[in-house]
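Presented sequentially are two complexes of chain A, the first with chain B as partner and the second with chain C.
And then the complex of A and B:
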């Protein structure tokens, strides 16, 4: 049997869904953790039409992007400073190496007692997680700028601020965007994780509530939706990277 | 040259010490309420007390055990599955796209499903940690197998090597950098998921320790736990890096 190339990748997921559906129906499985795909699809449609899913998505994405903006900005500024000044880079080495390995969720209890439940603590944790990839990649990008460009800046007697604005940022931009793309993925993961662990907000709280309400169809619908959100975010950022930077970004990807 | 490296390192430690001194000063002046921010002296005392009484040590061992079991399980399954998928062209066409589709799913979203299926138990934590750590290794192995120099496969065909021999003698060694990079990424994932699972399920571990400390406003214990989690992150990354450079020495020499 010869199949068109485009169908082949879709075959496995479709077959799995079908077998799952038939098995659930035939065996008449009553479970708190599983539901037939058709029921999941119904629950997904229901949650989408009553708006609860979209509201939860908005909450999660708002916290994730606010954290990304805050953490990314801190990472960007520090990364440029560390990339430009060799002295500063070496002096901060131990401090950064000591703070960076702390897993972001470990800060959850600290954020909880300092900021309470809600957006603020989630944003704080997401931004902590986003600082590091942006900082590391920006530092590498700025450090790897063609030295002649810096010489040109010196010849033109640009001020430090102009040097950063007119030479450093444009030259390092493709790789900085790549850093932000990776950080956006991390932001979503951390936001959902914080919500699942403790914060009564957004998609993570929604999936936990569905689980506690013994609604496996709704729970799995949330799971599918979280997957869709992650996939869409990734695809959108990939497309943006391609249109904005084209080949320059591809080079950054390999480095 | 050697001396200047040492000098910079010392200066860098001095900066870190300065920051700790500032932290101590801020805590002593009570700029921030000691409920949220204990001084480094109190956090250190709490760390020492935790170790001498053995409380913190059991929690530390708990977290390490969760991490290690989940990660090892995922390593074995990830590399075996990855080798199976990566070494067959048909599997790569049919299965790999599904894996890519699932990749951006925030893995922590599987936690509620695991709780519904397995309850708030050790088994749930093990499943979640293994599931989460599986992806980077699985995708790394598949990618590494796909990127093997095609001429090596031709050599294998000429030598009439069996498929198993090809996997062990050619594909695994040349895919080793990708596999090890996946393993290092998984280690971070495993630590984060271990902490979250311990918080949610109340399992013996540092995640539960920091959360309970926060709930009863014992901030010194909380910071001691967070510092210890940072140490775990640092030491495991360091060990992985050492293992990586040792296992890949033959490749570095070839380049």
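And then the complex of A and C:
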């Protein structure tokens, strides 16, 4: 049988869903954690139409993006500074390597005491998680800039600010963008984790509410939706990366 | 390694006339003496060519003249003032044009970088960019990215960016070394014409001995380990130079022989 190439990868998951559906119905499974795909789809449609799912998505994404912006900005500034100054890099090395391995979720108790429930606490923890990938990758990107370009900046007598603005950031931008794309994925994961663990808002809280209401169909619908959101987020950022840096990325690969 | 049987020639410094003056310059890098010592004057408007075996310190000497390195002994001066850092009056043309151009900026954008830095208002930039591109034979290529240009065009663009600084001195490090022979000869003549029209001083590093004689008012040969001046030749060939006539001139052949012998002995 000849199938279009695009459909082939979807065949196996579809078959698995079908088998799962048939099995759930034939065996008449009653479970607090499982639901047949059709029920999940119905719950998903319901949650989408009554607006609750979209509101939760908005809340989670707002916290994730705010955290990404804050943490990413800190990581970017520190990464550029560390990439440009060997002295600063050596000074900060131990500090960074000591703080970086702390799992962001381990900060929950402290963040809760300091900031209480709500966006601020979640944003703070997402920020912490986003600082590191952006910092590490920006530092590497800046440190790896063609030294000749730095010399060009020197002989043209660019000011320190112009050097960063006109040479360092554009040269490192493709890799900085990649860092932000990876950090965006982390931001979503951490935001949902915080919500599941403790914070009563967003998609993570939606999962917990459904679970406590003994609605496995709705719980799994949230799960599917989180997957869809993450996938869409990454796909959108990848498309942006391709359009923005098609040329520059190709140049970066050659170097 | 045999020491060349040539008298070491060190031009005696005459600070009044010199635009660039190396006064007993020495440079250590990583605990190694790379230059020890060079004394040298370059007069305003002069074309000085520097030759020498690979690794003898030509690039290093040029970087000292550019203010990219500080000497560990002696002094480098520009118009009587010690070189503490790169100066606007001194432009550097790097050999690896592919790395010295900003790949994310067009030809116009690359020239604009120099104009922005000297603080030219944006309203005046476009006309100046057009003028500079025409000057180096790149009229109509303003919107091209460096990667869309041939090696010769990229090097022209780098030269245009240097001219945008309105420099008094052009320091050129084997600028045509990576180009094919035809392109190289074309660029040699274009560069001579450009320099003649601007009156800029040129320090031109090359490993091509004939190129050095063809372009220069004076050629110095460096000796390696550590880098120092081993030979100085005054080039009394008529200008404007001509790719055929100049290269067949008896004086050209004599100078070429002298330079070949020097390089052979220094290796």
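Going forward, the second predicted complex is superposed on the first by the 240 of 255 C-alpha atoms of A that agree within 3 Å, B and C clash if a C-alpha of one lies under 4 Å from a C-alpha of the other, contacts with A are read in each partner's own complex, and residues count from 1 in each chain.
Here is the rule we go by: a contact is a pair of C-beta atoms (placed from the backbone, for glycine too) under 8 Å apart; a residue touches a chain by one contact, two chains touch by 3 or more.
As the structure is a prediction and not an experimental result, all values here were calculated from the model.
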{"item": "Partner chain(s) touched by A:32 [first = chain B, second = chain C, both, neither]", "value": "first"}
{"item": "Touching partner for A:208 - first (chain B), second (chain C), both, neither", "value": "first"}
{"item": "Partner chain(s) touched by A:106 [first = chain B, second = chain C, both, neither]", "value": "first"}
{"item": "First (chain B), second (chain C), both or neither touched by A:7", "value": "neither"}
{"item": "First, second, both or neither for A:98, with chain B first and chain C second", "value": "first"}
{"item": "Touching partner for A:161 - first (chain B), second (chain C), both, neither", "value": "neither"}
{"item": "A:90 touches, of chain B and chain C: first, second, both or neither?", "value": "first"}
{"item": "Shared chain A contacts, counted only where both chain B and chain C touch the same residue", "value": "none"}
{"item": "Partner chain A, residues of chain B touching it in the complex", "value": "8-9, 11-13, 15-16, 19, 35-36, 93-98, 101-102, 104-113, 115-117, 188, 191-192, 195-196, 199-200, 206-207, 210-211, 213-215, 217, 219, 222-223, 225-227, 229-234, 237"}
{"item": "Chain A contact footprint on chain C (complex, rising order)", "value": "66-68, 85-88, 90-92, 94, 96, 99-100, 102-104, 113-114, 116-117, 145, 147, 165"}
{"item": "Of chain A, residues touching chain B in the complex", "value": "8-13, 32-34, 90-95, 97-99, 101-110, 112-114, 185, 188-189, 192-193, 196-198, 203-204, 207-208, 210-211, 214, 216, 219-220, 222-223, 226-227, 230-231, 233-234"}
{"item": "Contact footprint of chain C on chain A as seen in their complex", "value": "146, 148-149, 151-152, 154-158, 162, 166-167, 170-171, 173, 247-248, 251"}
